[in-house]
Structures are given as structure tokens and as C-alpha cells.
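Common to both upcoming complexes is chain A, partnered first by chain B, then by chain C.
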Partner chain A sequence: MGGAGEHYVIIGNGVAGNRAAEVLRDGDPEARVTIVSDESQPFYYRHLLRDLVTGAVGEDRLGVRPLSWWSDRRIRLRLGQRVQRIDFGAKTIYLAHREKLGYTRLVVCAGSKPRVPETLWASRAHLTVMKTIEDARALRDRFGDVRHVLIAGGDMVSVRTAAAFLLAGRKVTFLVDRDAFWPIEPGPEQRAELAAALRSRGAEVIEDDAVVAVEPVGDARVVALKSGRTVRCDVAGAFFGLVPDIDFLAGSGLDLERGVLVDEHLRTSVEGVWAAGDCAQVYNPDLRNWWVSVGWGNAERLGEVAARNVLGDAVRATGPAESVLRCDGVVVATRWWVDLP
Partner chain B sequence: MEPSIASQTSAAVETTHASDLDYVRRNVPCQWACPAFTDVPAYILAGQRADWGLSYATNRAANLFPGVLGRICSRPCESACRHGEPDLGEPVSICSLKRAAADRRPTDHAVTERLFAASGRTVAVVGAGPAGLAAAHDLAVFGHRVTVYEALPRPGGMLVFGIPAFRLPRDVVEEEVFSVLRLGVQVVYGTRLGRDVRLADLLARHDAVVVAAGCYSPRPLGVPGETLPGVIPGLSFMMDVNEGRPPAVGSRIAVIGGGFTAMDCARSALRLGAAEVSVHLRTTEDELAVTREEVLETRREGVRFESLRSAVEVLGGGRVEAVRFRRNRLGTAKGVARKVAVPIEGSEFTVEADTVIAAIGQAPDAREFAGGNHPPRFDRATGACEVPRLYGAGDFVAGASTVIEAIGHARRVATAVDAMLTGRVRRRTVVSVEPAADTHRKRSWDFLRRGDAPLLPVPERMTPPDAEVELGLPDEAAEAEGRRCYLCDLKYEIRVRDCIQCRWCIDVCPRDCIHLASGVGPGGKIRRTTKWNEVAAVVIDNDRCIRCGNCLRICPTRCIHVSRTRLEDRLVEVR
Partner chain C sequence: MRSDAAPTGMVVRICGAAGDGNIAAGQVLNRAVTRMGFRVMNFDSYPAEIRGFGKSVAHTRFEVERVWTPGDGCDCLVALDDAHSISETARLRDGAIVIYDDRPPDWHEEDRSVAGFVVPGMHGYGVPLRDLSTLATKGTKARNLVAMGALAGLVRLPADPFREAIRGQFGSKSEEIREGNVRAFDLGWRHATERLKKRDRFDFGLAAPVVERVGKAEILSGNEAAARGCLDAGLLMYAGYPITPATKILEVLAKKLPKAGGVVVQTEDEISAIAHAVGAGWAGTRAATATSGPGLSLMVEMLNLAVMAEVPVVVIDSQRGGPSTGLPTRTEQSDFRLAAHGASGDSPRPVLAPADVAECHALTFKAFEVADAFQTPVLVLLDFFLSNRIEDVSGLAEAAARFGTYAEKRATAGEGGYRRYALTDDGVSPRAVPGTEGLFHPATGLEHDERGFPSYDGPNHVRMSDKRHRKMAALAARWPEPEAVGAEGPLDLGVVSWGSTIGAATEAMRALAARGLAVAGVFPRLIWPVQERPLRALSERSRVLAVVEMNHGGQYADEVERVVGRRVLRVARIGADPIGAAEIAEALVGARKEPGDSTAETAETAETAERNGTGGGQEHGT
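Moving on, here comes the complex of A and B:
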């Protein structure tokens, strides 16, 4: 296998996808390697998005690598191209702009998207999320008029985002929503610790309450809480963690649950297709369950494992390394709690 | 092209030709998908013109309970809707428009029924659920004296004892059930077949017996520990809730199963005050038979879904304390469209629970029938079986299905019973074709977005617990939704003798639905061509056509003819 007839296609331009592309190129110098992504920005640091919003960094600082990195390795970047559906039988990817793309082996590294709890779906349009550079640009462009930000939830990004906004002189109300705290359910001690840390930086912290609805009033948002209280703010941010971004695979025939179901070798239910990174839900016989992972390190590791298996190895994606958490019916591997502010 | 259909006609024509039925199957997919053949385009068009009375009557003619179905139908029509095909957007919210008709019909709207003269024959119907009532209605229309034997104290069956009031308000059911019973149908309540009345007696007393007793025997989990206190069959739970004596529920409730009953149990348990409710599925949410909206609303109310697991044991001392599950993966099975659960060996794990609701399905109670646990083999088309004059209808024959399937089946059975009693088929499925003076369509309407019914905000749903969750489309949205319908009952044809093959219609058609043809091949299939000197005709492919009317508007010779095809179950008189 391998060689000039081979066309490895990777869906996703994040950590897992780029790592997989790198390993595939190193392992098979002759093959075609293509990365497809609906984002137009080459591989960038997502954790800097909050600083992009506040103006602490410019867009030039976001890139992980110069474009020459891909051209030197003859990895074709197809950016701004959305996958509409995949015909696994014909090994063909249908792109939204009506181009067809054939592959011989496929690695799905589609990543994740912000999770909005079902209870807030009716308010989705009025909530601000921050996952992509587009989200950050939109908020940056109106950040000058923003005085007061409400942050609901409490995922990896939320605490750092709150800190960045406080540093930029904005009023921050942080709603420690116990049920929506994601990806973990912190104990009372951890919540107290978190609240103290946030208060010491000047944030207003609301505990034991939850968002019920968000209504727009002009450019402002009025957030109704379970307790009956309302908070008027300029931005209502939803930080309830991330979920696999796999809507485009629904009905494709691939086995899916919350993410793409894969075995320990990251093989999907379809021959010749692997999945890695945030979108993969990996079975672990020791846990007797599937787990999804978040975070740079996990994504990089899974991207590498998938690529090596594509090349013919039989590497196991060993269980979640740092810590295993259960939330919303999903086992999550993460390490974010250890580096709280 | 469609040689058998009364093409290019100027007067209405009726046909029962198989190829005309097949035309409707391919071209009016919503109506064909409906087990009762509800004339969807006709009732949507009536609603679009604000004639809600006609819209309701068109519905009722086929499905008898438009108000009920407009709320709880499983909507096979929407899955088939042409508007939902790739690149065409989303299906029309057909079910909401059915409810719009029921909610808006004028109070003095007259229900018209054509009644046959009294026959002097009597028929017993067992069960006053959707199937029993549908059969009773039709048999009464045919002129037979109908007596319904119902085990429970009220009519409605699953509509009132299975489905919770927050999905289906009881006054809606009562009104539409009354509309059936007032045809002179007698109901004997509190009379269960096998307990209070024997099948042999019914057969002796009546000229025919239709058993529409539904599926009321909960399917057991079949695992150790399922008899422990705290394990409740899903249907028993719902019946207790619906009869106003809700069972005491604990704080952690595990519902096992993924059908409508499981969702209803989970949502009802929340309304009874359970702190934590989880639904445990063998496969995943994507593989369930219930609608996505149903799953979403259940989740929004706070129910947690846990996928890929099968219960292997219920654990506990004097009472249920936990459930032991085995992890599944997804797999495929021959002849099964959905993915199936494949157990993973050695993957058992335990989930704590103080109440377990086992909602994994129901079966018919067939103890009254000779041969024990299995009902006789009923013919699916006619409901007849090897016992003369004995028929079966609805879920009792088909297994737990949907209200609309039960109604559709029961009406076919009633026609068969009538045919047995009178020696004549007095209800026939007929295709009628008539010229359409107006298409009632605008191209711009094709771009309207689907409007879904607004819902009661989650916090307001729990008190009172029977507050209706779905609120029905507001006036403006109902009008807009009606306009989204392509009205697939319209049939576009090009009159060959008038067509000058200018091809303007091809230039303006939005969906590659008008072709150049060199002739007709085997089976009436169009032979397409791209060579100008081979063109025999320009033809419209109604399978792909979205009835936008662009061709009609641009045609310089007015050679495009539009007719309306209707599929109806029609009463046939012998003069």
C-alpha cells in the first residue's frame, strides 16, 4: 500500500488534522495528502482568540505555522470548503461548492463546536460563543461598545476569557452554573476556589443559579435567571464546553453517537476511514465505555495514532492519560482543571 | 409519457388503473406515505385560502381525527415531502397545518357524512381506541348496527390512557371521539374480552366481530430482578398517570427504551417531581423511531439520554437499587434499515436508580384466542383470519404502531367487513384528474423557510403538569407554511401538438425537470436526447418538478396543461 496512487484526505484543519497530515507525509512521501476545512484561516491558536477580541494580539500572531510549511511538504490545503456529505461506497466527498473530491483513505478530524444546553436552544441566537476566528472577529468588532459581559457555564475557555476581559477593563459577571459546568461537575470546594479566584480579579460571581432565557433589547441582552433575577449586559457568552462537530455525517452510514464511534485503533465502522481529535469517541475496554477528548495534547496524540494506523501500524489510542471525567453521558479526557488561574 | 392517465383532458376523469395509483405514489409522496391516504395538498390549499372548515373536512374524510393527529401524528408525510429532498430545503410542516385546520375551523362548521341505508346487520368492535373507533365509524356509515366493547371506563384507548395530556389535551380527543359515536355507535364500557365477554358469545350475537384491542401487554425486560418493587412497565406507568393516580416515583428514575412510550414516561416522571430522569437506549438517539423534535423536547426538559447499553439485570434488596447494563456497539443486520445493537462482551457496568420504568414495547393480549398466546393470523390487507366473520384491526394485528397506521388499517378492515356482509365493495380508492384553473403557486414561495410551532417555555411546562407543550402555529406562520407546499397534486404536461420546441421552459426551470425526448421507451420511460434533430417532444418530469409554474408563465404558445390529481377513498353507490 501507499505510494503515488494513494490520496489521504483529512477533514479538519486543527491540531489533530495537521498532526495526522504531518505523520502521513513523513510515512508516505509519494502519496497525495489533502486537508479540507470549512474555515478559511490556516491552522491557528484558538487559545489566543480571547486576546484577539480584546486587542491584546493581532491576527498575525494567531498562525501556528507559515504557509510554506504545507507547501514544502506538498500537503494541499483546501480551506473555506465545507464538506456536505460523503459517499463512503464511492470514496467521494461532496463539497458544498459542488466539487467532488475522491480519496483512498480518510481521516475525520472535524473537531468540536460550542455546546449549548438544550434548555437554552430557544435563546441560541442571542448567545455569544467563541470557538472560531469568525466568532472572535465578530466580537472584536463591537468590543469597543461592550461594557458588561456575562459569562455562563464554566468550561476551559470561560475562566481565561473572563480574566482577559477583566484585564481589558470590562465588567464581568460569571455565572457558575452547576448543571452546565462542563466538562466536569466540580465539587463544592472546587467551585468555592474558582469563585474566590474570579472575585479576586474583580468579577462578580453568581452561584447556585442558572440561565433560563436570553432576550435581546437593542444591542444589549437581558438574561433571565432561574432565581427570578435578571442581568442586563452587552454580551451573554455561552461557555458550556464543546461537543463533536459531526452533523455533516448524520445519515452517512458511519456509526455515530455523540461523536464518531471508533475502536482503539481509531478505525470507524467504515473500511478505510479513521477519526481522531475532538470528534472521535474512542472505545476503551478498561473503562467499558467510549470517551471523547478535548485539548491540544489529546488531539495531537490521537491525530498521530490515526495517521500511523492509516499507514499500516496497529497503534492503540491508550486511555485518557491525565484524568477521566463523566458528564452529560460522556466520558471526557481533559487536563484543564490542573491549570486553573 | 403517462399514457394511461387521462391526459390533456378538459373534464374530470376518475380511474382505478394501477398505473394511475403508481403516478400518485411517485408524485404525491405525502399522500401516499399517509397510511390513511390523507389528501395533504388539498387540505393545505384549502388552508392557504383560509377555508379552514374545508381543510378540516378534507382531513377528517381520510383520518377522522385531525385535531388529535395534528398534535401527535408520527408524520410519515413529512419524511416523504418533496420539499425535503436534497437542495430543496426542509419538508413542509404538514402536521402543524393539520392542527391549524382543527384549531381554526369555524364553530358552526358542518361535518358531512354520506350514510348508506341501514343494513339490519350488527357488528361488534372490541376496543374503543383509534382503530376500533375508525372501524366503528366506517361500519356505521355503511349502515350496520355497531356495538363497541371497551374494557376501560372511557373511549379513546391509547389517545387518553397512553399519550400524556401535555401532548394531547383531552377535550380535543373527546370532541373528535364524540363526532364518531354520534353516528349511533353503542359503547359498552368496563367490558373486557376474555373476562366479561367471550369471543364465542360475540360471534354468536353479531354478524361480524372486529378485534381492535390494541397492544396492552407490556413486553418484559427478560432479565433477573425485573419483578423487584420499583420496576414499572412503561404502559402501566402511563395508564396510572393518565387515570389520575400517579405512582410514587423516586428521585432517580431510569427509563429503559427509546420509543414514544419511553419519552412520555420520562417526561411524565419529571412532571411528577423526579429529580433525575435518564433514558437508556440500546442504540443511539439517531437510530430511534421517534421524531427528532420529541427527543429534543425530552432533553430540553432535563432528561438525560444514555446510549449504547442493554439492561442485563435489575439489582436490589427488597427494592430496586440499580440496573446492570452491558455496553453495545452499533452494527447492521440483514433486512433492517436501522443500525442494531451488538453487545460488547465483558463490558458490564452499573447505574444507580430507585425507580426503573421498562418501556421496551407492548404486545397484544391474545389469551382469549384458541391456541393460547398468539392471536390468529390476520390478513394484513383485510383483517380477516381463518375464523369466519372474525377480523382484527390496528395494533392488535400489526403490533404497537402509530395512531395513523391504526386508523388507516381499521378503515380498510371495515371495508372488507362490509364487503363480507353485503357482497359488494362499497369503498374504493380512486384517482380523479381534473383540469386546474389556477396553480395557486408563486415561485417566491419556494424560498420561504419552514415554520415550526412555538412551544411552551420549559419552566412553564411543569405546573400545571398537563399544560400543552406545543402551541400551534400563529396565524401568519400558518399562512406562510401553507404557501411553502409545492402542491404536488398538480400535474404539468406539455401538449405536443401545440409545443414549438422553443425550449424557453427549459431555460427557466429551476431543477432540471424538463427534458428533450426522442421517444418513449419500455415502461413509458422517456428516452432523453441532446441532439436537436432527434427531438420528438419536450417533456416535464413530474418526479422532479416542484410545480413552481415558471414554465407555465414563460410558454409563448400556452401549451402547458396543468391538472389536479386526487387520490380518494370514495364510497361507491349502486344505483
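Moving on, here comes the complex of A and C:
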């Protein structure tokens, strides 16, 4: 196994995919290693996107490593190339620009996408999400004209984003969605503390209400709430957490549920295919159940585990122990989320 | 991401298999951006053999300011054929655009899709070129124009000049084809503006630049301009034998000269072609032929006859890679020695070398005047690059005037004992065309006396040889001397170049001046006889004197060294592509002497570079 005839393909240029590629290259110097991602931007820090929007940092600050890192390691980056479908029988990936790509072993690190509650699907086009650098660029380019932002949700990203926007002098209305406090698990007291912290910075915090529809009026948005109230703002942001981005795998033969189902060694239901990072739903033999994680550090760890197993190890992926995180001065419990510089 | 500074131009390469319509798309692009007011240079490349096989590329550079070279690198690759386009990605500059068909009829095998080679720093845009073409025209042929629409929409160039250009380009086709092509362009435009997420920095803001010009701009290739120069000069007899890269001159004249009352003969070979032209020239008709190196080799004997018998005739040589049949579709400037000196005996004749398309017209036009005024064959040296590149030109007639005017010395009848080759101060004898009553005279390739009768007398041969050389000296004295361009006073670098390489040398000089070097150049158009004063003056001011040209080792450099009496830095290379400005700048700056070094060391630097084949630009190429 391994060597010149081997072609490891990794779908996803996030932290999981890059860690996997690094481990595969180190463990198998002769093999071909290819990373495919539909994003055109080389590996970057997602947590800095809020600062990119406000102008606090430039794009040059986002990159995790220089391009020479990949070329030095002979890892081929296929960026801006979307995987449309996979023929696992023929070990062939079909790229959206209509190129076939063969692999011998495949690691799926397709990550996550913003969750938009079903009730808001009709308004989807008028909601702003922030997952990719493209999302952030689009918002940055009009941020000068933005005075008032409504943030609906309450995930980790939303709290930090609200703080950044307030610092940038924007009016922020924060609409708390109870279910969206994820992956942190604040109790009622901590939720109140978080709300108080946001208020103290100048945000209007609305609790016990929900968005039912968003309508565009010119460049502005009118957000209708369950209570009957409407909020007129320049940006209506949806921050309801992240969910595995696996639609392209539907019908491929891979076992899927919320994410790509993998055993504790991150093997999928298909021979020669592993999954890691935000997209994976990992079996825990002790709990006899599967877990999904969203978080940088955990994705990185899973990427490494998957790669080591691809190389022939039998490493078990264990869920991280519960830890705490300071969020806006409030200490909250979290399993996956880590503080990034 | 957008940069603050609006772009001033770009280099576009449209790549496909021959037959994909890339050249036609390039022509539309040239016309459109010329209409907008940009300055343009287009230089296509296609397979050496007859078209229909292999890769072909339309290369266009447009800029707000005068364009001297096709540009180093590429800002936009339009891929009409994936397999051929893949190698093109190596030329792309950081931030470049790649437009490709993301709905090809069949899935590409691995590494057969250009999209797979779009690396970070480039921006790939998938456009369903074939699908949109089919929507517009019921066929996939118009995908080249869909791509032009996508390009224009993406970089926000105004659409109307493109539509006009398409209508102009396909003016002879049916309205259905013409309008179908416009629809194809429009669909590409709409796709780009409505569907593509723009990430690159090229945004012309739908505005055309403001450019001042003399007269109306038109786009011509060097060969077309040379043919036009022939027509404007009153050419009446053209004989030619087809040869790449000169064939187009024959093609244009075959169409146009008969309408102007002239005659075109396609002869059985080059010897016959020049024999026709010399005969016509002898008879008093403005006559010309055009060829390339292999043909010029065959023409040497007839050229000698024209020198000896003092017959005006114009010979255009579009140089290509040699020797022998060499590299028909590759550019080179390696015929200088053949043109200026290639002959048996001492056979002086002028050689002119235009620097750009407008000068292809001007100098061809002037060649006829010089030929008549000095009763001599005149060679005009084009090359593959100059013959085939397309530029926007305007005010052609005005441009020719700056090379002076030359009147003919005609003999008047009645004196008796007509001395056709009378010895005069400038060597030019009053000329009568054969058959003029009272002025009958023999004309021969044998050495002759003043009346034209064969003479093997030694002193006569000396006098006649002197006379023929005096004509050259007279021409060198009357032709406007090239002015030094660039910095004044003492120079870090003096640059000499000729022909199509002047453009790249000029751009390289600008780049070096921007880096703080004192640089100036002298760029002769009359390359033989050599006007020595400007070269010496430049040499005296220059720490390093460089000669830039495209041949092996520096043919013109020999000439310059002879004149200035010191070693020069030879930036000379051959190879597939025209020498680029960046390459020249690197070679020049690499050899630049640090302040404080002695002049002797400078000479040595050049010498060592030459000997070792390092520095001096010599290592590039072949």
C-alpha cells in the first residue's frame, strides 16, 4: 500500500482537510496528494471573517500559511473546483467543471454550512450568512452603507460578530434564538449574562421572539417577527449554527444522516473512503451513538485521525472532553469550540 | 477583490485548436478595443504547417498608452479548447482571469481540463460557451463570441463597440449569421454580468479611454501596412512567390494592385520573382518583390545585378528562423548580414528596418523613393513578428514624411553620348529609362564604364566601385539621423536596437529608467549604410553600450562595434517568441556596471559575458 501509485484525494480545504493532507504526505512521501475545494481561497481562518467585514483586518491576515507550504510538500491544490458527485465503484470524482478525477483513497472533509431554520427558507435570499470569505467580502463591500444590522440566532459566531459590528459603530439588534446557542451550551443564567453583556455594549437584545419573514425594500430589509413587530435594518443576518455540508453526497451510496456516518476510526460505509471534520458524524461505541462536532480544534484532530487510519493505523476518534470558553466575559461550556488567535 | 487603481489595459490570449475561431475572436477584440480608443497590439501564433492542425493562439494587448510589445505574460486566457490551453496557464500573471467552457459535451479525463489548472492567484470563470452558442445560433461555432461577451461583461468593457466589430467582421456573411454572432456575444455578456461572481481586479468601468490621435484609427498587420506602402508609393509591378511570413503581401497586392492599374505576377520561384521586378525597375516602373530568408538567398544574384546596373527595385524580406527553411513561423532578425552584405563582390545597397506596423508602411513607401533617388535595390527587413502583428495605426501619410524626401535625378535628352553611369559627387548619375530617344545605353552585370559598356579596366573598376559606395554615403548623409531617446548627459546604459526589437528595447529602457538608471537609446531605421555619428555620440556618453537584437550572437552588434571602436554588450537571442521587455531589462540590468567601476572593466564584463554565454542575454533562447 502507498507509494507512487497511490493518489490520496481530500475533499475540503479547511482545517480537517489540510491536517489530513499533511499527515498523508509525511507518512507517504511518494504518493500523490490532492486537495479539492470549491472555495478559491487557500486555507484561511474563518473566525477572522467578522474583522474582514469591518475592515479591522485585511485579506492578507486570513491566510493560515503561504502557498509555498503546499508546493514544497507537493500537495496539489485544486481550488475553486466543486465535487459534483462521486462514483465510488469506479473511484472517480466528478468535478462540476466536468473533469473526472481518480483516487485510490478518499478523505471527505467537506465541512459545514450555515443552518437556516426551515421556517425561514422562503426568506433565504434576503438573509446574510457568514461562512465563507465570499460571504464576508460581499458584506464588506457594502459595509460602508450599513448602519443597522439585525442578528438572528445566537451561535458562537453571532455573539462575536455582534461585538465586532458594535465596535465598528454599527447599530446591532440581537434577536436571541434559544436553539441556536450551539455548540456552546449556556444555561439560562449564562444566557442572561450574555444578553446583558451585549446590551452593555449598546446592542438591542430581543428575547422570546422569532423571525418569521424577511422582505427586501430597496437595499434595506424589513424583518417581521412572531410578535407582530417589524424591524427595518440594512442587513438581516442568520446565525443559527453550522450543519454538515453533505448534500452533494446524497444518493452516492455513502451512509449519511446529519453528517457522513463514520465508525470510530472515521471509516465511512464505503471501502477506501474516510470522513473527518465538521461534516463527519462519528460513532461513539461507548454511547452507542453518533456525534457531530463543529469547531476548529476538533476538526483538526479528526483530520489527523482519519489520515493516520488511511495510512494503516487504527486510531480511535474520541470526542473532546467538555471544556469552558470565555465568551464576551461570560464563561460558557463547550465541547468543540476553541478560542483562536 | 478590486484594487483601487483602474486597469490601463490587459493582455488577452484566446487559445484553441485551429478552426475553433480563436483568431476571429481576436480580430473582433482588436476591432472593438480600437474603436474604444485603446492602443492595440495583436500577435497570433499558429502551427508551423498549414492551418487546420494543432494549437493556435490569438494574442492581443491593449493599453491606454502606446503599445510597443505584445507584453510579458498574460492577464486573461480564453480557453476554447481545454487540452491546448493547459500549457498556456504557465504564462498567466498573478491575478489573471481564465474563461473556460464549464459545460463541455463530454467529461474531461483527469488533467485534460484547463479549469483544473486554475491555481490560487488566478480567477477561473466557467461559462457554458457551447450551450450559449447553441442558444444563439443553433450551433457551437459561435462559442468564441460567447467568450468575447463573457470577457467584456466580466472586465466591464462597453458592449456596443464589440457588436459593431462583430457586424464589421462578418459584414460579408448573411444577416442571420451576423446577428446570430451578435446574439452569442450578448448571451456571453449577460452570463458574465448576471451569473458570475467577479473576483478579479480588471474593471474598465464600461468607459473608453481618451486617446488623442492623428486621423482615424485602423488596424493593420505589418504585412498589410507594407503592401499599403507599396500601393501608396505608386507600385505598378509586383512579382512574388509565396513564402511564410511574407505571403500576405502578395495576397493583398494580388487583390488591390490590379485595381490600381498595376500588375501582379506569381512566379515559379523567387529567382524569377526578383528578375521580374528588376526588369520592371530597369524599365522605369516602380517594382517590388517580397520574400523571406530562404527566398532572399535565392535572390542574391539578381540583387547584385540591380546593384551593378543601378536598377531601382524594392525587396521586402520578412525574416524567419533560419538557416535554410528553418522555422517558418518563428521570428528572428538573422538576415541582417545577408541583406546588407550577402553578395559576391562589393555590393552596397541600403537596408531599412521598420520598428512597428506604421513604419512598415512608411519605410516601404520611402524605399521606393530611395531606390529611385539612388538607383539601387533597397531591402526592407520585416520579420515574422512584425509581419503578423496587428496594431492600430492612424496618420500613415504623415508618419512617412519624417524619413525625408528623395528626388530622382532624371537625364534629359539631347546631349548625345549619354553617360548613364556618369561619375558625380554623390555617385548618382542622371538616369534615363531604356528606350528614351537619344539616351540609349547598355545595362549589364559586367563592370562597365560611364556609358555602360563592359570594361575590365582596373582603375575604372575602382572608380565605379567608389561611385556605388558614394551613393550609400550620400544616402547616409541625407537620411534623418536617429535621435537619442531617453536620458540626457552621462549614461549608465546606452541601448542600440533595430527593427521589431526596438519596441521591447524601448519598454525595457522605460523600466530601467523607472528603477533610477540613466538610460538612452539610438534606434536606426536605416540600418545599412550605418549612420555613424549618433552611435558614436551615444557610445561616448554610455558606461555600457548594449545592442539588442534577435539573432545568434549579435549581427548588428558587429557593425556597432566597428563604428564605436569598443566592445558592446550583446543582448542577442533566438528562440520561439519575440524577445520581451522584461527579459531585455534583466539582461541589461544584470550587466550594468556599478558606479566606480572603470570603463575597462565594463568592456570586460561584456566580453566575459559573451565568451561564457552568460549575462548579456545570451543564455536565453535557442
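As a working rule, the second predicted complex is superposed on the first by the 312 of 341 C-alpha atoms of A that agree within 3 Å, B and C clash if a C-alpha of one lies under 4 Å from a C-alpha of the other, contacts with A are read in each partner's own complex, and residues count from 1 in each chain.
Here, a residue touches a chain if its C-beta (ideal position, glycine included) is under 8 Å from a C-beta of that chain, and two chains touch if they have at least 3 such contacts.
The shown structure was predicted, so the numbers you read here are calculated from the model rather than taken from an experiment.
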{"item": "Touched partner set for A:Glu118, first chain B, second chain C, both or neither", "value": "first"}
{"item": "First, second, both or neither for A:Glu257, with chain B first and chain C second", "value": "first"}
{"item": "Which of chain B and chain C A:Ser40 touches, first, second, both or neither", "value": "second"}
{"item": "Touched partner set for A:Gly169, first chain B, second chain C, both or neither", "value": "neither"}
{"item": "Touched partner set for A:Val212, first chain B, second chain C, both or neither", "value": "first"}
{"item": "First (chain B), second (chain C), both or neither touched by A:Gly102", "value": "second"}
{"item": "Touched partner set for A:Arg288, first chain B, second chain C, both or neither", "value": "first"}
{"item": "Touching partner for A:Leu67 - first (chain B), second (chain C), both, neither", "value": "second"}
{"item": "Chain C residues touching chain A - in the complex, by the definition given at the top", "value": "1, 100, 102-104, 106-113, 115-116, 118-121, 123-124, 126, 197, 199"}
{"item": "Of chain A, residues touching chain B in the complex", "value": "118-119, 121-122, 212-213, 226, 250-251, 255-258, 261, 269, 283, 285, 288-290, 328-329"}
{"item": "In the complex with chain A, residue positions of chain B that touch it", "value": "284-286, 296, 299-300, 302, 304-308, 327, 329-330, 339, 344, 346-349, 455, 457-459"}
{"item": "Chain C contact footprint on chain A (complex, rising order)", "value": "40-42, 59, 67, 77-81, 94-102, 134, 137"}
